[in-house]
Amino acid sequence: MAGSASVVTLAVRDLAVQFGGVAALGGVSFEVSPGTITSVIGPNGAGKTTAFNAITGYLRPARGEITWDGAPLTGLRPSAIARRGVVRTFQKTSVFPSLSVADNVTIGLHLRATAGFLDVVLGRRRIRDEERRLAADAEAIIAFVGLAHRRREIASALPYGEQRLVELAVALAAHPRLLLLDEPGAGMTSGEKDVVSELIRKIRGRGITVLLVEHDMRMVMGISDIVIVLNHGRVIAEGAPADIRTHPDVIRAYLGTTGDRA
Amino acid sequence: MIRLARGLGALLALTLPFWLANPYFLHVVIMAGIFGVLALSLNLLLGYTGQLSLGHAAFFGIGAYTSALLTLRLEWSFWLALPGAVALTALAGWLIGRLALKLRGAYFVLVTISFAGVISLVSVNWMELTNGPLGLPGVPAPELGPWSLRAKSAYYYLVLAGVALSYLVCARLVGSRIGRAFLALRENEPLAESVGVDVTHYLVLAAVVSAGLAGLAGGLYAHYTRFVSPEVFLFTYTVTMVVMVVAGGKGTLAGPLVGALLFTALPEALRLATSWQWQMLAYGVLLVLLVFFLPRGIVPALAAWRARRAS
Amino acid sequence: MEQLLQHLVNGLVLGGTYALLGIGLTLIFGLMNVVNFAHGEFYTLGAYAAFAALALGGVDFVVAVLAAIGAGALLGALCERVLLRPLRAESIDTTMLVMIGVWIAMQNGELLVWGGVAKSIPHPFPTAPLVLGPVSIAPLRVFVLVLAAGLIAASYLLIHRTKLGRAMRATFQDRDTAALMGVRISRIHTATFAFGSALAAAAGALLGPVFLAYPSMGDLAALKAFCVVILGGLGNLPGATLGGLLLGIAEELGAGYVSSGYRDAVGFVIIILVLLLRPSGLFAREERIG
Amino acid sequence: MLNRWVPVVLVVLLAGALLTPAGFAQAPVKIGVIQPLSGPVAASGNYVRMGAEIARDWINARGGIGGRKVELVIEDNKSDPKEAASAAEKLIVRDRVPAIMGAWGSSMTLAAMPKLEEYGVPMVVETSSAASITKRGNPWIFRISPPSEMEALGLERYVAKLGVKRADFLAVNTDWGRGAVGAFGDMLKKKGAAVGAAEFMDQAATDMNAQITKIKATGGDTLFLTTAVEQITLVMKQAQEQRLGRKIITTGGSSSPTQLIKQAGAAAEGSYHILFFMPWFPEAMPDGKLAKAFVDEWNKRGHPFEGLTEGFRGHDGIATIAEAIKAARKDEPKAIRDALWKVSLMGVNGPIRFEKDGPAGKESGQSKPSIFVVQIKDGKVALPDFLAQK
Amino acid sequence: MTAPEGGPLLRVEELHAAYGPVAALRGLDLTVGQGELVCLIGANGAGKTSTLRAISGLLPAARGRILFDGRPIHAAEPAEILEAGIAHCPEGRRVFPYLTVQENLEMGAYVRRDRHAVAEDLERVCTHFPILAERRRQMAGTLSGGEQQMLAIARALMARPRLILFDEPSLGLAPTLVETTFEIIADIRRRGTTVLMVEQNAYGALRMADRGYVMETGRIVLAGPARALLDDDHVRRAYLGG
């Protein structure tokens, strides 16, 4: 997996998204430094997933600019954004449900294959070689996320935690340079969460920048280099995990107020 | 086991005219073959991309008319007219694919129905081109060098080649990056987009190939019955195709062929089994029962049964 | 001008019945996500039920229409309970295929029972047309239009003023929350299918005397009903009503001024245009029922 | 549990279809019949079938053909050409019928025709009206119904008496309707009458108000109407509602005035109908006795009276084939074909005798049927004044 | 019919439930006494909403028991549970956007057959929530977030429940509205209706509750009097890690 820590950055400037007149994001700006694990946190409805959707082309922002590697992503379709190396996962488990784990990952390898219609229909040899290579790549990725023993099984029949791993494998197969993970730990047992945390570190180790949205603070605080806190569609804090945990605005946003109401 | 069955099946298909002496049965098998191509074609859209086209009779009809008109009016050889028919229907498929790009589910269905409706009315009313409801009689039988493929056994091999070709195209697509993109579109469109699958591109491609294959079936049909009339656009043709695909098992390669064989033979079997008053009634009831008890289709049910037995 | 007025009046009468068919279908399609290919067969059923009641039972015309409505509701409820409820978890093509089977079986069952010869359904109205300036219209058609309007109004009342209708709308908007309110979703489905089928049967009973009753009469009717549903948007009653009228008038004008051979193309072209330009239907506000 | 037996039943049915040995029964003489017994034109197809059954029973009552009973093998073409071709194939190959009667609509007949040529089996065409059927050079086709041109020619001598000066057309959008509009239009132009609008309707259409409104604006005096009796009923009712006020002449012989009187009532009053059988006055038919006997038999069987104008075709078709088999002395297709060229018999419609039609060397047979015109007067079917006076 | 004096109104024992392959509840135990206000807190995804959905019959229980007033209800349909006296005011308010305010309220009384009493309750609710009376003929979807929350609460009250389940009543509301909402809930309890409430605003909820439960990954990890939980560092860790 290419793309080591270079000058590549994701920059979000003044991003605003409206849903039927209601501002879901009211002008958010942040940057993601290469080679880091950056987390976006915030209470429910803070606009985290909305930001993800806008960055990856699933939502059209009302205003603002998103640049990746110096070039704007705004207005591109999700598949075009993926082609530029920005790949995401989804909050709700999102696999290709009735296909096997291996097929799931091989679909993820779409961009790494080149076969066109004629190549396929004419059954060219090049394609057979390519298919073999893809199968090997898929095996490697499945092994990387630790699902080698599950490769023939149907994705939707796997336990939840393993489905999330399939999802991660699919995203990795798409050759990301920036990987956006939307609540990778949601609904997992703490043991499973540890596995995912470890995986995320390994992914960063391969030179992939990670941006994640997560609710589990133990997980966030454990793996993040930088934490960005959103509330009511705005950034309220940004910094290292230790600073965030004691930040008064963050505590108020999360737990409400203890005694006297502000 | 499976390989043995496949080998036997292939041998059976290749030698069929030699031991199936009765041309009526051969006729049924030829019709099953033509519908097999149609079912494979529809399956590409319905089974793999998950989009139901209820306008497939339009592609079938366009193919039949194109091939018939090219041979009748321009006196092209069958061997040129048939690819011509495939090309034109593929173009029509491209058009529909582009039009319905953003539409999914029921809306896609309705656009395809409407498209078929318009085309069908054009075939009835554009007298100068299609000879309207009078139809086009005298479509020539294909000739191969000095031989005419008019005989049933000869035409059987032509249709068999058509089925084999269609099956090959489908099988190769399905086993490739393109087929996986179709599946991704059916299974989870947002996820497919997120890993770089340009779903609209692949939807259009699926529509083009599917339409092209339906056009091939249309051409084969026209030169077999040697008469084309606007009835080729009848909605019942589309319904028959859907029945074949869904009952056989959508999203499997063998399902459409099994469905085509079964549902071409069934009406003929009913012709023998019961008097004409009861035939269609029985057909409807059998269809309801089949779907009710095997909602996923015959081939997947068999596969599940085998898997159960194996474990 | 004279001709235009007549075309408009014709279109209005035709459109009223399209609306009646469309309303039933839009409820079924919108609420249950079932592409009901058998909808036209309930229309046919209504016509034959009215014929049986009038010609064989010798009852009053209005009683015959009521009998047809009852028959439609009963068979619709049965169909939902026996065939659709067990398949609710299956995909939309599976239920569609079952309804295709029902369509074929019902149509051929009707052929078996009634024979292929069209039945003329007697009615108590004079045949001489009412003449209003340049426009003329048969009293029966006026009656049909009035009754269709009445049935459409009754549907509105049912959907908007009754507990059942409220539950239907709530279910359409938010199934889970409706269940939390104590709505039994399967009952709502049965009721919706029965109601939609009853409306189709009513349309059949009303139009039977205007036209004729024969086994395949439902095919074209179902097609028009689908056009109306798309025009109006899923589950949208005012949309279906307006859509029906619009389709009726557009067809009349298309046949009158363009080409009668392409008459049925008008609906198809409208569907294609509407779906391309406004995929949620011409009159759709949002997807909702009512 | 139940899902086990469904595939079993299907497989058994399939196996039954493929394995049942073809019948080789020697005793009865088989005659194939292909008619639309279901689908939109099922009513007409069934009437023809009823007529064919009368012919069969009569022949058998008289001792059959050379001592062998006649057996009809009846197939439904579902009003679909593909099915017509399949049915022909099945009749010829599986049932080994030596001759067929069929297949009602022209597109169905045209679709079945290549099969006849392929296997060399003659077919007597009892209803189809498209000119192309006998012009195609298919030497296995023998038609006893008139093509539209012949029908138009039959009306030619009455045009002046009917007072047709400016005519409009409303026809079903099928081969039959299109053909009739062309043929009658040509004939009228030749006779110096003006031709106005030519409007078409879908076979399944029920609301023809738009077409009527349009026709109303042309200012003609006569409307030629070509379609099945159901649509004729609807057009008449709707024309009355719109006060069209035209002389209506229906063509094609399928109009069944009795049914029109019953179903269209006053709307049918005054209309003229071109028919090939007049069951109201059988004695006025070329063979009055035969016609009377046919009407009586039909009524005795409880068949609807309005079906007679279609039903006679079935009788005449089967009678023609039986006559040919008798002349050929064997039920062998080629022999029957050759014999058909020589038959001369009296049908319910009138004399049946085939003349050559179509390209030289491959001619089809065309009989010249009798053509009649009746009028609905005072709620009854009557001969038009200009005929009655004679 | 009532439970023995002092016995719990609701008792959940060893409850397991799942969405397909996804386990949501893994052996949950909790009780709610007659007249209590109990709050259930925990981080997102801990299974709080699933607990409420299981109690009201939307999420079928795989194992374990739910007893209401001593009667098992874990196999009952939502309608039966509602009839037994448990109303559920769901997360995100979930008013029916295209029903009017009045129709939404009437939906709340869907299972009741005492028409006159329903009409009276309707009037009572309207005097209680004057803003709803004002908007009675308006589509619920056009109300503001706070108004929708009032409507959702009022709708739940229309069933005349003995126990109300509140799921995140403060979610997405402005601070002053959070205050109001909590006051209304406290008021409902004062009038004798038992309340089980799921809240993300943990401190706010604990301040008004009698007892609290802290959930993590589908089970209860901490229980106790609300006051005690307020000072327990475990709660803060459950939300913010550390």
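The letters A, B, C, D and E name the chains in turn, as written, and every chain counts its residues from 1.
Keep in mind that, in the parts below, a contact is a pair of C-beta atoms (placed from the backbone, for glycine too) under 8 Å apart; a residue touches a chain by one contact, two chains touch by 3 or more.
This is a predicted model, so every value here is computed, not measured.
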Each chain counted as touching chain C and chain E at once: none
Chain A to chain E, fewest steps along touching chains: 1
B-C or A-B, whichever has more C-beta pairs in contact: B-C
Chain B and chain D: spacing of chain centres that average the CA atoms, whole Å: 34
Approximate Å spacing (C-alpha centroids) for the pair chain D, chain E: 75
Centre-of-Cα separation between chain D and chain A, whole angstrom: 72
Chain D, residues touching no fewer than two other chains: 37-38, 173, 200
Complete list of chain pairs which touch one another: A-B, A-E, B-C, B-D, C-D, C-E
Complex interface listing, chain C residues touching chain B: 29, 35, 83, 86-87, 90, 92-94, 96-98, 100-109, 111-112, 219, 223, 226, 230, 234, 259, 261-262, 264-265, 267-269, 271-272, 275-276, 279
For the chain E and chain C complex, residues of the former touching the latter: 56-58, 77-79, 82-83, 88, 90, 94, 96-99, 103, 106-108, 110-111, 155, 159
Complex interface listing, chain A residues touching chain E: 43-45, 93, 156-160, 163, 183, 185-190, 215-222, 245, 250-251, 254-258, 261-262
Contacting residues of chain E [partner chain A, same complex]: 20-24, 43-45, 168, 171-172, 175, 178-179, 200-205, 217, 230, 235-237, 239-242
Partner chain B, residues of chain A touching it in the complex: 56-58, 77-80, 82-83, 87-90, 94-99, 103, 106-108, 110-111, 113, 115, 117, 120-121, 123, 127, 131, 134, 167, 170-171, 173-174
